[in-house]
Amino acid sequence: MPQRTKRQKIQPRHAGGKPGLAPGTLVFVGERKTQKVRIDVIAYSETSLTERADVSVDQCRDFLRAPGVVWINVNGIHDLELIGALGACLSLHPLTMEDIVNTSQRPKTEEFQEYIYIVLKMMAFGEASRLVKVEHVSLILGDGYVISFLEDEGDPFDEVRQRLRSANGRIRAMKADYLAYALMDAVVDHYFLAIEGIGDRIEEIDDRLLTDPRPEDIQEVHRLKRNILDLRKAVWPLREEIGALEKRESPLFCAETKVFLRDLYDHTIQAIDMLETLRDILGGLQDTYLSSMSNRMNEVMKMLTIIATIFIPLTFIAGVYGMNFEHMPELKWRRGYYLIWGIMIAIGIGMVTYFKKKKWL
Amino acid sequence: MPQRTKRQKIQPRHAGGKPGLAPGTLVFVGERKTQKVRIDVIAYSETSLTERADVSVDQCRDFLRAPGVVWINVNGIHDLELIGALGACLSLHPLTMEDIVNTSQRPKTEEFQEYIYIVLKMMAFGEASRLVKVEHVSLILGDGYVISFLEDEGDPFDEVRQRLRSANGRIRAMKADYLAYALMDAVVDHYFLAIEGIGDRIEEIDDRLLTDPRPEDIQEVHRLKRNILDLRKAVWPLREEIGALEKRESPLFCAETKVFLRDLYDHTIQAIDMLETLRDILGGLQDTYLSSMSNRMNEVMKMLTIIATIFIPLTFIAGVYGMNFEHMPELKWRRGYYLIWGIMIAIGIGMVTYFKKKKWL
Amino acid sequence: MPQRTKRQKIQPRHAGGKPGLAPGTLVFVGERKTQKVRIDVIAYSETSLTERADVSVDQCRDFLRAPGVVWINVNGIHDLELIGALGACLSLHPLTMEDIVNTSQRPKTEEFQEYIYIVLKMMAFGEASRLVKVEHVSLILGDGYVISFLEDEGDPFDEVRQRLRSANGRIRAMKADYLAYALMDAVVDHYFLAIEGIGDRIEEIDDRLLTDPRPEDIQEVHRLKRNILDLRKAVWPLREEIGALEKRESPLFCAETKVFLRDLYDHTIQAIDMLETLRDILGGLQDTYLSSMSNRMNEVMKMLTIIATIFIPLTFIAGVYGMNFEHMPELKWRRGYYLIWGIMIAIGIGMVTYFKKKKWL
Amino acid sequence: MPQRTKRQKIQPRHAGGKPGLAPGTLVFVGERKTQKVRIDVIAYSETSLTERADVSVDQCRDFLRAPGVVWINVNGIHDLELIGALGACLSLHPLTMEDIVNTSQRPKTEEFQEYIYIVLKMMAFGEASRLVKVEHVSLILGDGYVISFLEDEGDPFDEVRQRLRSANGRIRAMKADYLAYALMDAVVDHYFLAIEGIGDRIEEIDDRLLTDPRPEDIQEVHRLKRNILDLRKAVWPLREEIGALEKRESPLFCAETKVFLRDLYDHTIQAIDMLETLRDILGGLQDTYLSSMSNRMNEVMKMLTIIATIFIPLTFIAGVYGMNFEHMPELKWRRGYYLIWGIMIAIGIGMVTYFKKKKWL
Amino acid sequence: MPQRTKRQKIQPRHAGGKPGLAPGTLVFVGERKTQKVRIDVIAYSETSLTERADVSVDQCRDFLRAPGVVWINVNGIHDLELIGALGACLSLHPLTMEDIVNTSQRPKTEEFQEYIYIVLKMMAFGEASRLVKVEHVSLILGDGYVISFLEDEGDPFDEVRQRLRSANGRIRAMKADYLAYALMDAVVDHYFLAIEGIGDRIEEIDDRLLTDPRPEDIQEVHRLKRNILDLRKAVWPLREEIGALEKRESPLFCAETKVFLRDLYDHTIQAIDMLETLRDILGGLQDTYLSSMSNRMNEVMKMLTIIATIFIPLTFIAGVYGMNFEHMPELKWRRGYYLIWGIMIAIGIGMVTYFKKKKWL
């Protein structure tokens, strides 16, 4: 059986820290990590672009004061102190900060006075575990800036960075809201890769189930089903969320960007459709497996029945003439032995014929 | 087992091209094809009709300037350059063009300043694969023109063309919105043919399941179920879409055409009803198959039980008198052998009677 | 197994004729019939009543011009020419006429300028097929007239006719809308008869399943389930339809009649409730059948096990003393044979006791 | 198997009498009864109370003219003449009277000019049938009077009567709307008794299923399930109905009573919750039964397998040395017999060990 | 099998006391307890805090007159007299008091003139029963005070008390509405602990089901499922309730607190998500168990089949040569015995090879 990866725990992770803690207290509930949290900044306008890796919170503050659009990307959310400092510098609401580090928060958008807070989920298909890992992504869209928080170094935003660097794309000409859209779009685009990963895996199993079904396969089907349940939980609320963003009358989102949000909304529905399809297929695989197993069982049972029903009567006949009665006239017949063989063969052929007629053979 | 056709892949096709590409980038995600994409044009008014096959994009532009209704039909969407040129000439929104070539886009309608964009799905029952193939169809309804994009040469629009050519139909007297309706109606009419194809197939299997159930049949039931799931995804959103078109206050759709849209809406619901019925029937077939299989198994098991329970005790008796003890008085009895036969026959008859009473035989 | 009647085809009937036909083209999709379509007319006011059977379309026109309420009943919809002529005489919309002859049209109401068009479904329990047959009924309610179209001669409207003939009922005093209501009410009242027919049939099967389950019964359960699915499709939309009629602000329906529509709405819900109950019961019957079958199987298997497990060891013992070794001291013992019998009987009794303790016997 | 009570017929009872009868025709569809229908009247104000049993319709009319609140309780609805007379005296709408005697009418409220008509259902757990019986209750709330119609003598209103008689309760101080509420509350309170009755029954079965599952139990589970389906149909519409009463702007219900209606609404939801819980539990019991049965079957099969797989090879060995070949050297060996015993015992122990290792034993 | 704890009764507890009691009558329906009900009071403002344990109702009244926020916590609801006195002192509506002591009341909020009444449910994972126990909690939020009623001494509010005592938290600076929020938040935070408790338990079972499935495990799965059904009933209505509180325009809840209510709403949804996940997992465990059991059964059956089908024919052969016919030439052959061994071994090897080819071995 494929090993269960460490991440795939059944146990729900704790949502709001210790019970009774004051709301807004930062409690990181994901896997403890030790690597340093790196902050990267890209500041750009239609004509210029500055890129700086590994900056401090103070440097961030300077960037935010500059004109143009500033994108601050935080690679890790386990350094609560740093997150706290950044939150203070941006004057984020305590609940926003709680949600940034709470990896079990479901996708949502919240509008505050100064910014819109967007929670969404990354997906990455893990080749080793053959399952999709879900990661927590937070975006803060303010006036002229976007701040993105990633749980890990695994980075879905590389292509966006490339497009920013090439001076001639639409993205450079537009505002921070388009950048936020572009980041969300990149996240959703990765969904398709992840779903395809699972899809390939399911196809492999499907092929095998027909030819050589094994108990491990059905275990994996169960595991994939559970995985897809998790993914659905990541995508379903996202759909409503993007729909709400599109409808919301916020000065931070301009009409031009909203057309793109509608497109993103379509993509999210498409991802949901694919997940539902995969779920249906997995349900079908379970049926296939069960009927495959029961077919096999039936074959085995038929074999037993045929062998047993043919030979049990014959053995009885042999047993009869193995009895030691003194007066058994057949035993004295010259051709008795051959006659008995004849009878036994006739019974055997008769039975096989009967089974053939009944389509059991 | 019928071979799986190349198209029926489990793996969801990629929706938005490579992740992170700028939105509006044209990425064709269907099967690569090499044949030339042909553009046909029909321009007509109540009194005249001009038909031209295989025109260039420039010629299209000329047609669009003429009065009357122009219908441009594009047979293929894999030539991204040509689609791009056409899009530019009609000043389509980049997202519309992305959706035209993205065969995994689900049915929808989008209203832009200059035109209404309609995505729907064609269905064709493939005799070889005995499954329904779903194809991507896009319609663009502008002021005085309709542009249709088909994925393949397989053409659902022939009858519409015939009706256009015969000068006396209602279609010639009406505007472009009626043409768009007529094209959608032709697509939906083909649904019924495709659904009937599946229905015939299901009926065949249903007949066989009762008389001679085979594992292949249940495999095909699973395959058909999956196929119907795909079809539902093509029809369900279409229903909402047509309902929305009917309600939308667009200057492009006149009231007279809306009555026909309501009729089309009815047809779509009918197609959904049929699909749901087929789905229910397939579910019933699975039950039939399972109970058929288990009936058969029960018969086999009963046969085993009867043979075994009759002969096992008899064989034991024969075994007893096959023992070699020196002092076994029965062996010396003159009529011992016949007595034993009598006992054994009595036991056999007794058992058969018991089974008959229990209704096992 | 009861024969499948001709009508109960799985294959969905074609909805809109040949694909691509102009909408409004009349295509009859039911069973081809040859008998003549008869038109009956009843014209009445509070004080007078004229009844004429087998009238021509021209005579209909004359009746419609007269004051009072006119009810035209068309017994058959397979004579497209006659339907067309009648439609022309009443200036019906082409789509209405398409729906009148399209027996696969689901229940709906449509309001046109001059009339309200109502589609509903008749139900009749067929004694031979032991299934409910669904028929297509269309009503057209105009100012002062009602036209009803029946698929067949089988006529649900006899009681309404009786009430019309007796001069003192409420029906004679009221307008055409009340007549339309009365006809719909008669149709819905027949639902209860049909549902009771199925209910009786289900009760018969239920009784038998407990005492003597047979594979045919489960086949019939499946068939009845499918039948009920069809009926639900006939009743569910009717409910919404009547609800809509009640709410609609049409001059053709007066407030007094709407109270009765609400009552009809209640009856429809009751019919739905009964169908849902029957469906649940059928689901329960399947469970009963399965557990009945598996109980029986378990009994059979237990019998096999008990016989086999008792006699297999005994046969082994007999086999041992049937061996031909020269040095087998037990064979020489005077009481060896009786001893062995004792041992075998003891083993037999021990096993039976063990099985009894385990509650297997 | 517990006998099926007469009431628990599968067949749906006819709803609207003979098909085609004029609406408003009184048709009693319950069980025919012969006992006399008794009318009891209580007239009260804050300071006085008059109670009269077995009054005539004319006496009712006199009571209704008096000031204060009048409660007329009709114990039986099978005397259509009496109901008709009462309806005429109160000028009830014909459809109301049809619904009063139609025991298959589902719960609903209807507001007429002069009164509000309320249909609800009584529940009583029958000790003999161990099922809940559903009865039809109608209430008519007019200005200053409440009329209640019960199907049977079984009377849920005793406690209300007691409270009326004791002069100091809230009920005497309030209007007819509060009395109507109190009657509905009494009916709903009886639901909990009935549901508890079923709950006790389910608990008994649950206990037995774990220790000694029997086919009768699963039959009873099915029966209880069907019973709960019936109860749900009685409670679900009641909930909506009370919700609607609370929201409706009727002069007959004052604001003070509406607070109590909200409480009643809560109780109804609680009853629904309990029914749903019981339904889930019954579903679980079915699973328990099935897994219990299959566990038992597995044990039986294991026993068979172990006995058979141990002794079949041993019997073969004994059979070999029972052969009568002239040249079988082992037969001549001095210790051949003991050696063979040793081999057979070794094989037996080996097999048992193998089974233990495989955890089959 | 783990013992069923006393609390986990199937039987629904009675909701509104004896049927027909006047509404507002106090009836305690939980477990009878005898310990004294203790009332604790904390009165605080931003600068001061007074804490008093075990106060009388009269003392409560004094506290309520003081400025600042007063929190009265009642540890037990089985002393109906005390609850009645407290209710009178606060002039609570009779229905509120009925709901405070009615432990089967589902979560809800009700707004009265003077106060908001909030019902919610506590959860505590019991280590002994390995199930979650649900307790009844009532909150009354008035102008300047919060009164909380707990069913038991088990107290979820300790952390809130700690935060109140430390003078520098946000809680001291805010009004009674924030205190009510903090108490609800504490209750909801405990949900996660309880759900984790179940989650751990499920994980244990999940691990065991794969390696060593036992009937007890599936019994526990059923028990946990039922438990989760109960929990869902506690959380689902809470969600709507908090959503309603957030939207309600009550002067008792200020805008600042509503942001926190939204956060609480998120937490509730998260709890629901976790419960749904656990439910799905339990459903999966049932499947795993069943397929595990049937795998095991299949293995057992295969073993039987293989042993039986190999040895039954061989035993027959041995039986044949154990017959006592006088003329059996093979018995006289010098190498007959060895030949027969050879044939039997060949048949055995042939069969094993056949089984291997069929992948049964």
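A, B, C, D and E label the chains in the order they appear, each numbered from 1.
Here is the rule we use: contacts are C-beta pairs under 8 Å (C-beta built on N, C-alpha and C of every residue); 3 or more make two chains touch, one makes a residue touch a chain.
These figures come from a predicted structure and were not determined experimentally.
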Both-way neighbours, i.e. chains that touch subunit D and touch subunit A: E
Rigid-body rotation angle, subunit D and subunit B, from Cα fit (steps of 5°): 145
CA centroid of subunit B to CA centroid of subunit C, Å: 26
Between subunit B and subunit E, centroid-to-centroid distance (C-alpha), Å: 43
Multi-chain contact sites of subunit A, meaning residues that touch two or more partners: 301, 304, 308, 312, 315, 319, 322-324, 328
Chain-level touch network, classified as line, ring, star, complete or other: ring
Chains listed in ring sequence, where subunit A comes first and subunit B follows it: A, B, C, D, E
Complex interface listing, subunit E residues touching subunit D: 1, 9-12, 14-24, 93, 95, 98-99, 104-106, 108, 110, 212, 215, 218-219, 222, 225-226, 229-230, 233, 286, 289-290, 293, 296-297, 299-301, 303-304, 307-308, 311-312, 314-315, 318-319, 321-324, 328, 330-337, 340, 344
Residues of subunit D touching subunit E in the complex: 156-160, 162-163, 169-171, 185-186, 188-190, 192-193, 195-196, 199-200, 202-203, 206, 210, 259-260, 262-263, 266-267, 269-271, 273-274, 277-278, 280-281, 284, 287-288, 291-292, 294-295, 298, 301-302, 304-305, 308-309, 312-313, 315-316, 319-320, 322-328, 358-360
